[in-house]
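Working notes, structure below.
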């Protein structure tokens, strides 16, 4: 961090800042300009409460220099993180598509959709058994019976499943059934949950909070990584802005920013980031063009009957068309979109 | 809800919408205009997935009419909710001030601050034993030993204590030590935690998420209320906007909006909503002028040494001055700011 | 518009609303539900101050139904607007790229850059002679001498030029020199300027304000169109959000939303929407993947010496690489990116 | 500015940065840490394109230190700017209230309202003759006949008038009729207009753009001040955020931030910052409690008939009640709200 003293700061004020820097286990480096003194604090200042320096007399500004995340950064690990789920590897040049209904509503419907999305080109399944809902009066998910349906779908289709976990207590149960535990946007800064997910050593997909900065998303990943759990996927799903034409604003800039800042796989969820099925394919293509490693797409056999998120769900045939178009984009950027291994062997 | 059909909608499309409305247990009321047909759905549509109507053929727009919250609304309960904590009643014409350090760091320092804020005019104590921190490398709170310090401070000063709870598992423990459980901004849509707080029947203070609309804050309260737990306090603490001159943007409009929409007590936390101690007193006064029922203020005996939020903490003597100024505003709006009963009896 | 009466509205209140609707030249259509009365106002309510109905006794909500823009809408004109500039037609399946430095700084440098971007594949030139700058102490542009340099560049390269106009008085002068007058983001709701641009009958490129909704952008276009000037290009250039990792947040959703809502050509400026040259190519590709009709790119022969926007400017060789990659995306979405006709004839 | 070099920056890269600093007329001050070199650029760097340093090899970050505004800052002028309009002085401890209809619609109605607001306690009149409207189909104001009505109201009531100017060409005309020219929120960065307003040497009221930072508002003032025109009033009128319960979000933090940063008078417009008359009085009181020097309030004799902004306009009797309540707050913060001198003498 750099501490900029006020123009009129006295020598004893400067000395006090230097003393405080040293108490924090850092070294101070003075740069006495003509107008003001600038003090660099040398060493790893990540655990230090930097703002408190603002309160020392004579201090005008405190400027952090080090990024607050370490394990998540490309400086720490230049090569992409890749890891294998059943039948698919994420983080390589091959695009990965996760698809399925917003929530698991019904056994038959879910299994049928699972086969349909596999047929259409998906590599993994999504579906919520525990649903974070704004209203206590809305459908809250099937709970453990929903997890059992997911497990059956995995067994029958061979595809790995991604499903949301909503509290630390649920972590063991969800880890038992799911290949990847999703931490939803509203829980991105649920630090108790991030700790538990880290400790589980189970693959984790973290969705960006709708008002979280990219840096905060990386800090959420850092929580999981700091427990030695390296299998983390980041997912942009739209942020909240003043624009109301779409449910959220897809922060497409986040794709190249994240790909530069971190080695973790980065995917985009255009279903949530737009909120309207009409725009999902266009934004899915944009994501891959911008460098995303994968997509998460809501697909429902009968969106008008969905218990949640119907308006942003694609019918299976439209999803198949999305996959075809996304494959063209993947190839245009020098990547590929393979068919699911399990679809191939059938 | 009102469903607006497209200009070219056919009779069979209209019939399908009516059928769907009736399947949802509502009644349909047609209004055939010259250009288009408008269909009102009559009945309580709160549990219905309204967006799915958008997917029926011929539908152009779906407009909700009923507010999604019920128990939290003034329509449901016109009179203000008031309830008694030890030595103070919240929700009346008397302003309530909750004060103390951001986190409980040290027993002696905390007890000393507790006496200082009581002396200065506070009615309740704040202080975090579990701290939600953006970085896993920052101070995470003392945990249960911190709760014990809070309990000791309560016993010695007579003042009720407010402290944060971060996961459903912590609810019984925190409820044992604290008079009011705080659900922090980052957990405002941690629905597992809201359910657990509701079930506890213990008083709850919900801080507005930095990305949450006023309606979503009321829906978070609805989660707690729906378990029969009526002792809920709402706290505006600033929202995230493009402005960077302050840590957050105090949504002062939220005060009159909430006071009109709900019967629950509404307080404001100017320490978080500004992020700089220099602005805390001005915004505390504004909050009371706008109709808030109370304040939550960070006070630290030595802000430059605070392990968190030092830059926004007031020294006790500045806090005493804040109380004096806030009292003037309270009286100017026909309210009062009584001394703590426990301060009086000493 | 639809007017929703309060549950307890009286017959005389309903009558007063009906009377007011009729005074506005509309017809009223009552729908008496069991709980409340809903009144549809039939006719073109665009010029009506709809909010004022909120003030009539017994009114609870006023819901607009008609979109506020008409000439800009696809309902009004289903086919894409296309028009020819010198050597290029905008709005067709061929992608159009406008490139050049942020501002015209120097004759030789500008002419050299113009040839370089033509060589690299641009179809039109950009460059500001009048610069909107946040600070009065920053370089404000060369003024008319800058326009003369633009005219020379046009003559020598054969490419049409796009340049910004900042006030109604400048319209005749800028129209004399430029093929397309740009209305910058900060002037998107400078209605005096929009009127003057409309009256000029000269092609206009409107950049979305950083605080403007998509609907407001379409209303800005409506101002120009309402003067019978149909040659309007819309340009997404990023909106202002809480995210600070990039200068603005590219609203990529705006591309499919606009392409659905309007017949006007839609382009994207990734230089401004990201603010960092490192991200420009990724977002340029995303724009075309999402359906944009063109791009506007800042190119400078020596960005480190640019008087404005250096950090977001590409060097000519990087721009040539961008064009190559964008061409691949254009082909993947069934479009093309032709070489400039003028580059071909050379 | 401070330039932070990358950890691996070479000596020749450092030398190049130093050379560039010196070419800009500044002096360089090196601070060679163990990990990286930090270079301070000493001197007034306001006119320098700081971002371009980012493009020099080896540079990691560029941090501005000096505030970009000078004449507007309290460092430049510690004492409050005060100036006299007819019958009232702005910027002193006396609160100033500007009131009147959104737009001048009708001579009789305007004159009547002018007397009513003077009677109720206003010190100056507002009213638009030129109206910035989102839609070209909405009422655009009466133009010069509206200015004549304002002049008549001024003559008859003795109160100064504030009215909006929308383009540089209108400046002489508006300056002839109005005591204060208002630059509206949508024109806050209309730099041609700011220049013209500065040159006019006429008092100017600048409304904050709905997505402008506080710093940008001060830079808009700097444009006017840089022409030697010192009579500038700043007006917070709400910013655009994700919250839709109110038309805008009142940035109440801006009041103490601006009062600390600048010597210029700061007022607040709660009519626009809330958009609903029900909340205007609460926010007016909050503004004065937070330290504002005045208020701008929309008052209309019959809001339901207003051609614009009816929903946020107060009836004269409610405005009189607002003045009474605001006076109580003014006194509670050690200020006063005098009756208009012209009201007194009548």
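Letters A, B, C and D mark the chains in the order given here, with residues in each chain numbered from 1 onward.
Note that in this section contacts are C-beta pairs under 8 Å (C-beta built on N, C-alpha and C of every residue); 3 or more make two chains touch, one makes a residue touch a chain.
Computed from a predicted model, the values in this text were never measured in an experiment.
Undergrad: Could you find the chain whose CA centre sits the greatest distance from that of chain D?
TA: Following the centroid criterion, the farthest chain would be A.
Undergrad: Tell me the angle, as a multiple of 5 degrees, of the rotation that maps chain B onto chain C over the C-alpha atoms.
TA: That pair's rotation angle lands at 180 degrees.
Undergrad: Where the centres are mean C-alpha positions, what is the separation of chain B from chain C, in Å?
TA: That pair's centroid distance is 40 Å.
Undergrad: From the mean C-alpha coordinate of chain C to that of chain D, what's the distance rounded to whole Å?
TA: 27
Undergrad: Centroid from C-alpha atoms only, then distance chain A to chain C, rounded to Å. What do you get?
TA: 31
Undergrad: What are the residue numbers in chain B that touch two or more other chains?
TA: Those would be 211, 240-242, 244.
Undergrad: Help me check something: in the complex, which residues belonging to chain D touch chain B?
TA: So the residues of chain D touching chain B come out as 211, 213-215, 239, 241-246, 249-257, 260, 273-274, 278-279, 282-283, 285-291, 325, 328-329, 331-333.
Undergrad: With touch defined as at the start, can you tell me which chain A residues reach chain B in the complex?
TA: Contact set of chain A toward chain B: 20, 46-47, 49, 51-56, 68-69, 132-140, 166-170, 186-187, 189-193, 195, 209-212, 216, 219, 222-223, 226, 240, 277, 303-311.
Undergrad: Which part of chain B faces chain C closely enough to touch in the complex?
TA: Per the touch definition, chain B meets chain C at residues 2, 4, 27, 29-31, 33-35, 38, 40, 42, 61, 63, 65, 240-242, 244.
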